[in-house]
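Before anything else, here's the structure in question.
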Amino acid sequence: MGTATRAGIQAPRTRGASAAVPLDIRGGWRRRRHALAPYWFLLPYFLVFAVFWCWPIIDSALLSLQNTRVNPWDWNIAINWRRLLIDRAFHAALGNTLTIMAIQVPVMLTLATLLAVALNSPLLKLRPIYRFAFFAPVVVSDAAYSAVFRVLFNGQFGAVNHAFAALGLPTVEWLQDPNAMLSTVMVAMTWRWTGYNAIILLAGLQSIPRDLYEAAAIDGATPFDRFFRITLPLLKPILVFCLVLSVIGTTQLFTEPWLITDRGGPGGGAETLGTYLYKQGFVSMNFGYAAAIAYTIAGMAAVLAALNLVFTRGKQA
Amino acid sequence: MSGFGRIAGILIGTVALGLAAAGPALAQSDVKGEITVWSWNVAATALKSVVPDFNKAYPNVKVTVEDLGNQPVYDRGLAGCSAGGVNMPDVYSVENHESSVFWARFPDCFLDLKSVDAKEADLLAKFPKFKLTELTVGDKIYAMPWDSGPAVVFYRRDMYEAAGVDPAKIVTWDDFIAAGKAVQAKAGPDVKFVSNNTDSISTTWFRILANQAGCAYFDETGENVTVNQPGCVQALETVKKISDADLFLSAGWDGSLQAIKANRLASSVYGAWYEGSVRGNAPELSGKWGVFQLPAFAAGGNRAANIGGSSLAIPASSKNPQAALAFINFALGRPDSQITQLKASGLVPTLPEAINDPYIQQPQPYWGGQKVWEVVLATLSQIKPARGTQYFAEADGIADGILLAYMKGNGKSAKETLDEAAEQISAATGLPVAE
Amino acid sequence: MMLRTIGSRRRWGSWLLTGGLAPVALLWLAPLYLMGVFATLPDYAIFSPDLPLTPGGNFLENLAFLDGTANFGRAMLNSIGIATVSAALSLLLTSMAGYAFARFKFIGKQVAFSLLVATLTVPYAVLIVPQYVLVARDLALSNTWIAVIVPPLCHSIGVLFMRQTFLSLPQELLDAARIDGAREGRIFFSIALPLVRPSMAALAIILFLASWNNYLWPLLVATESGARTAPVALGSLIGLNVVPWGALMVGATLLTLPMIVVFIFLQRYFVAGITAGAVK
């Protein structure tokens, strides 16, 4: 982690003063300037923060209480929130998002863990090549890899269907069939984010002391035992972190479904909360409803994150 | 609206009015400036083909036609208007059924054409009334009608012939299905009979057949939801029959053209403007294609429907509304220009004078010497008008999911499916479902 | 003897693991490889019945089309410029804020800090509509670099990271400078910052990557072809009626290649930045 390199710095002339003693003894105005200093340091960040984070958070809440389909906008507290309850398309998008969360996230994290263990193993040769293969997708732009997967999964001419045909499997309309569309998005996301999570998990693995394993080996523990009794429990905090991050990211997923399946695909097969929000906000120009959807996403993310933490903390010894 | 944008808009509008009221129209060489035109695909090609003639009459106007793609033009128009009228071109292409959202939601975003030049009303009066309905709000006319999209069946002569199918004998949709099975049986598993034209949305087929049956998402007043009326139910059932007969190639715009080029598609049901796309995309197939009118639901029934059709509007933020209007009038208001566009891209003119041009009567070599424009224009008078309303995009999106589930086979009947769609559209728009 | 058995078992296991992972790695590399190959092929070859696996000669042609249709060259310049300025500015802002939290006591510190942490989990979705209305409509700043750069500048995780980093600085060093009469600003820029260069590098890379890859926000506020960033220009090609697949893949490659090269050379910093939030 971030380091301050103490080596090579001359020991300063210190009087051994403690950190709390104010050190500008040359006068009141200096002291005041020193006291104001932290505010000056904070100012630029918090200025941008106030305008582009705090205000929008408030404004979104306000927008969700207005009817933005009339000209000029009208206050109408329930119109958007009530629509959420009966909007079938919103429920479908919600269902898709939850499906992705329930399937893609666990699969990806499992793969990432296995990958991290493999990369950490002293038995592995050609490590740099493997690291590159799995980590490179992390730096690929969303737009770029969405385009690539759109080509690969094309129903008529894509590489995936070619491979399926060669293996004797029936070809699938990946980008047109409602059931297949979501799978395509999930495969793409797994490709992209497994490496990212593996990087984090690998760091976690590397911080587990070796002698724990050695002691266990002496006691006759099998690799299986070592994995489930030592590795996983110690990896848990990091796994939870990855889980929460993935869950929050999935709740607002936009770019992949939008670009891979052409705006959520025919029939909304890959419609997620993110794409639905975009359509309501920036295609139908219904800002109020989009804001209501946004807050629903926020609420969901908060609840799911909290649930994750509670669930996993409870099991800890 | 941004303060500056508003002031600029008012200034321009005032100047334009002043000019219009000041006396005789400006001489053509006095009209000058640079104008940007947004359009898509073959429509953009058509406009580009008019520019040289335009510049002979108006030498001091520089015209740049940008092909941005159909959806992006719509999206960016909405975004620009919602941002107060920024980043808009001088001439904006808009599809008629999608245009109402602009006039209703952003009434200040586009100019009333009559306000740019008082004589405009005379020219606009030449167009058929039903084309102007969707472009008019109260006293203001926001755009000039351009082309319309009468739907026909484009077909491969050789593939039909090989299967022993005579297109003249295809009178009903049941005939169409039978022909499809015959053609597919003969041509083998690589060839599909017709494309379902599904890009990001799957409702194109439904909308064509519904219009044929005189039904649409909303009624003519635009105040009731009518998607579950008997005409629409019949349309949906027919599309399902075609799908169940396994005649559809599941492909969008791009995929369908690729399939045509690869000899894997035997027909396509689309607006007549598709003519230019087929011809431009696969010139090597010249002589092998033809057209025939839509099959009817029952013998003797309506064989006409409309899909698409656009207009040109002038955003209020344009710095050269005079030049923009001059271009629009030239491109759309003259029979010669409309025929030029017909030749370039297959855009069907709506100006009545253009319909009488001798070119319409000419045999077209690409289409096996058939007088395709005669066939197409013969259907114009039977097309039933349909209103898009400002909720069109949302209704279409809602219908898309529900209809697709039905097409995949979810055990519901067409009537139940459309009842559900009507209910959802009603909930989303606040409009009541018609009895 | 026991050692030899263990040794051979280890070697056997080693080859098993290395070999077993190989097909997975190949699968993982396939999309990037095909992206590069497709970038060099004409459109009809990409969609031929046989899957092409070797590069062709159409790269320049596709590139020309890409630049002509989507103004990609300009978009790349925009992306490079915006990402650089964005990373630098964001780095500056988060460093300063992190330094303030780490090394000063002041009124309101707890409140400000809590605010920061509280907004960590706010999804971007909540912000985007008001941000758009503010920037595009009220301030009329569409298609300017300011509009693309400023709103995404805040990264609370970055502030926490820099705070963590600055906490580990020796207090004596900073105090000594104060005694010598140095102004706080000078202390920060001349002493504190140089000491945390590795952390700054890691954060800078992550920030650059985030800005480079950002799709949704530039999509909304930079719509004109001359103002677009590269990912948005790329996405615009997908929206065309006839998609130029070869050109699209060229764009994807150009977008990806620089970052992969940077990644290969600066992998250490990438990893440091990514793991920063997790391993406290």
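Observations on the model:
Residue numbering begins at 1 within each chain, and the chains themselves are lettered A, B and C in the order written.
Note that contacts are C-beta pairs under 8 Å (C-beta built on N, C-alpha and C of every residue); 3 or more make two chains touch, one makes a residue touch a chain.
Because the structure is predicted, anything quoted here is derived from the model rather than measured.
The set of chains in contact with chain A as well as chain C comprises B.
In this structure, the chain pairs A-B and B-C differ in their number of contacting C-beta pairs, and the larger number is found at A-B. If each chain is reduced to the centroid of its CA atoms, chain A and chain C end up 14 Å from each other. Averaged C-alpha coordinates put the centre of chain B at 42 Å from the centre of chain C. The set of chain A residues that touch two or more partner chains comprises 154, 156-157, 262, 282.
Residues of chain B in contact with two or more other chains: 71, 79, 82, 258. Within chain C, contacts with two or more other chains are made by residues 47, 220. Chain contact summary for the complex, chain A toward chain C: residues 1-6, 9, 12-14, 17, 19, 23-24, 26, 33-35, 37-42, 44-46, 48-49, 51-57, 59-60, 63, 118, 121, 123-126, 129-145, 147-152, 154, 156-157, 159, 162-163, 191, 195-196, 199-200, 203-204, 207, 238, 241-242, 248, 251-252, 254-255, 259, 262, 273-274, 277-278, 281-282, 287, 290-291, 293-295, 297-298, 301-302, 305. Chain C makes touch with chain A in their complex at residues 10, 13-15, 17-18, 21, 25-26, 28-32, 34-35, 38, 46-51, 92-94, 96-97, 99-101, 104, 106, 109, 112, 115, 119, 121-134, 150-151, 153-154, 159, 161-162, 164-165, 168-173, 175-176, 178-179, 181, 183-185, 188, 195-196, 198-199, 202, 209, 212-213, 215-216, 220, 230-232, 234-235, 237-238, 245, 248-249, 251-253, 255-256, 259-260, 262-264, 267, 270-272, 274-280. Those residues of chain A lying in contact with chain B across their complex are 69, 71, 83, 86-89, 92, 154-157, 173, 176-178, 262-269, 271, 279, 282-285. The residues of chain B lying in touch with chain C in their complex are 1-2, 4-5, 40-41, 67-72, 76, 79-80, 82-84, 86-87, 253-254, 257-258, 281.
For chain B in complex with chain A, the residues that touch the partner chain are 71, 75, 78-79, 82, 101, 104-107, 198-202, 250-252, 255, 258-259, 393-394, 397-398, 400-405, 408, 420, 424, 427-428.
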